[in-house]
Amino acid sequence: MTNEASMGLPSFRQIQTLIKDQTEVEIKVLTNDLLVGKVRWQDDQCLCLLDHYDQPTIIWKQAMVFLKPKP
Amino acid sequence: MTNEASMGLPSFRQIQTLIKDQTEVEIKVLTNDLLVGKVRWQDDQCLCLLDHYDQPTIIWKQAMVFLKPKP
Amino acid sequence: MTNEASMGLPSFRQIQTLIKDQTEVEIKVLTNDLLVGKVRWQDDQCLCLLDHYDQPTIIWKQAMVFLKPKP
Amino acid sequence: MTNEASMGLPSFRQIQTLIKDQTEVEIKVLTNDLLVGKVRWQDDQCLCLLDHYDQPTIIWKQAMVFLKPKP
Amino acid sequence: MTNEASMGLPSFRQIQTLIKDQTEVEIKVLTNDLLVGKVRWQDDQCLCLLDHYDQPTIIWKQAMVFLKPKP
Amino acid sequence: MTNEASMGLPSFRQIQTLIKDQTEVEIKVLTNDLLVGKVRWQDDQCLCLLDHYDQPTIIWKQAMVFLKPKP
């Protein structure tokens, strides 16, 4: 289970809102890829992004640089 | 042994499903390599990927960026 | 919640001042991007940067290299 | 000493087997170097690789991406 | 506050000396930038570097590769 | 102080030997620099390398990839 300390963080809660609102986001990772889609779930280590074809990608939070709503 | 906290995470369980279902996956690592194969086992630090020739590669989770079922 | 140990650090307090003073900053991240904007909030893992259009970007502190007031 | 939790991991045990069997391996590290040799020992933080001239190289596990038996 | 374990480390104490002596240093970070200036303060996570114009830059220790007195 | 767990590791002890024997070493870091010199001291987070001119460089262990005696 996701530990309580993380769940109390503003960053965790902001991602929960993006999940609830099904907001499309861009995620920049350390390999310079910009991944686009909707966040399905998150835990302490990863989050799951659904692309346009509803295909799931598990992204490791350790490799994440920034995340923002798609303009 | 893999610690219980990790085993409860959705990301850990999702990989267990991929192991059980023998799903072919793509794993992007920090060196920008895209490794393809079937996940044989995972623990807190690594997972083992079998390629087409059933050759095992131990991949460090710390170097993993994203993982997805091969389209 | 952000843990108390972090909140006592000079680096955390200096960013709190930048938030309070609405100072425009430059943030260099590991992908060599230089992100510009005003810090809205921070927690142990991330901070939120508002760009010129007030669009929020969540940046992972693990990927941050340096931060400085925009000259 | 190497802590017990690590020693119980499949990844640690698999490397112990490679040490015992003197298997030649390839190790990809974050700088994209592919290091070849036989693993002499490992601990929580590093492993020692002997090259063709039996020269030891200490490799930090934090910088390891993947390891596989040399085809 | 900076935790006591870190403050006891030779590396932490060596940087305190550089702060006290106002020594000009070069800091190589993971993005390959070489930052030059005088260290003003350090904590567990960051240090603050003043450049020639006394402008402060907060550098994350996690992104630091090496530090040396400017030749 | 360097914590006891680290001091018991083979990797830590091997570096202590290199310090005692004043062996010249090559250290590859994540920015792909290859730093050459003699290790003067080490702690949990860093080690200090003296170059040909006896100039000290503090290297963060987090950025180290491999270390080997100079051939």
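First chain written, first letter: the chains are A, B, C, D, E and F, and each begins at residue 1.
Just so we're on the same page, a residue touches a chain if its C-beta (ideal position, glycine included) is under 8 Å from a C-beta of that chain, and two chains touch if they have at least 3 such contacts.
The structure displayed is predicted, hence computed values, not measured ones.
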With chain centres defined as mean CA positions, report which chain is farthest from chain A.
-> F
CA centroids of chain A and chain F: separation to the nearest Å works out as 38
In angstrom, rounded to a whole number, how far apart do the mean CA points of chain E and chain F lie?
-> 19
Distance between the CA centroids of chain A and chain D (whole Å) is 33
Residue list for chain B, restricted to those that touch at least two other chains = 30, 62
Around the ring, chain C then chain E onward, we get C, E, F, D, B, A
Touching residues on chain A, where the partner in the complex is chain B = 1-3, 29-31, 33, 35, 41, 43-46, 48, 55-60, 62-63
Partner chain D, residues of chain F touching it in the complex = 5-6, 8-11, 14-15, 28, 30, 32, 61-62, 64-69, 71
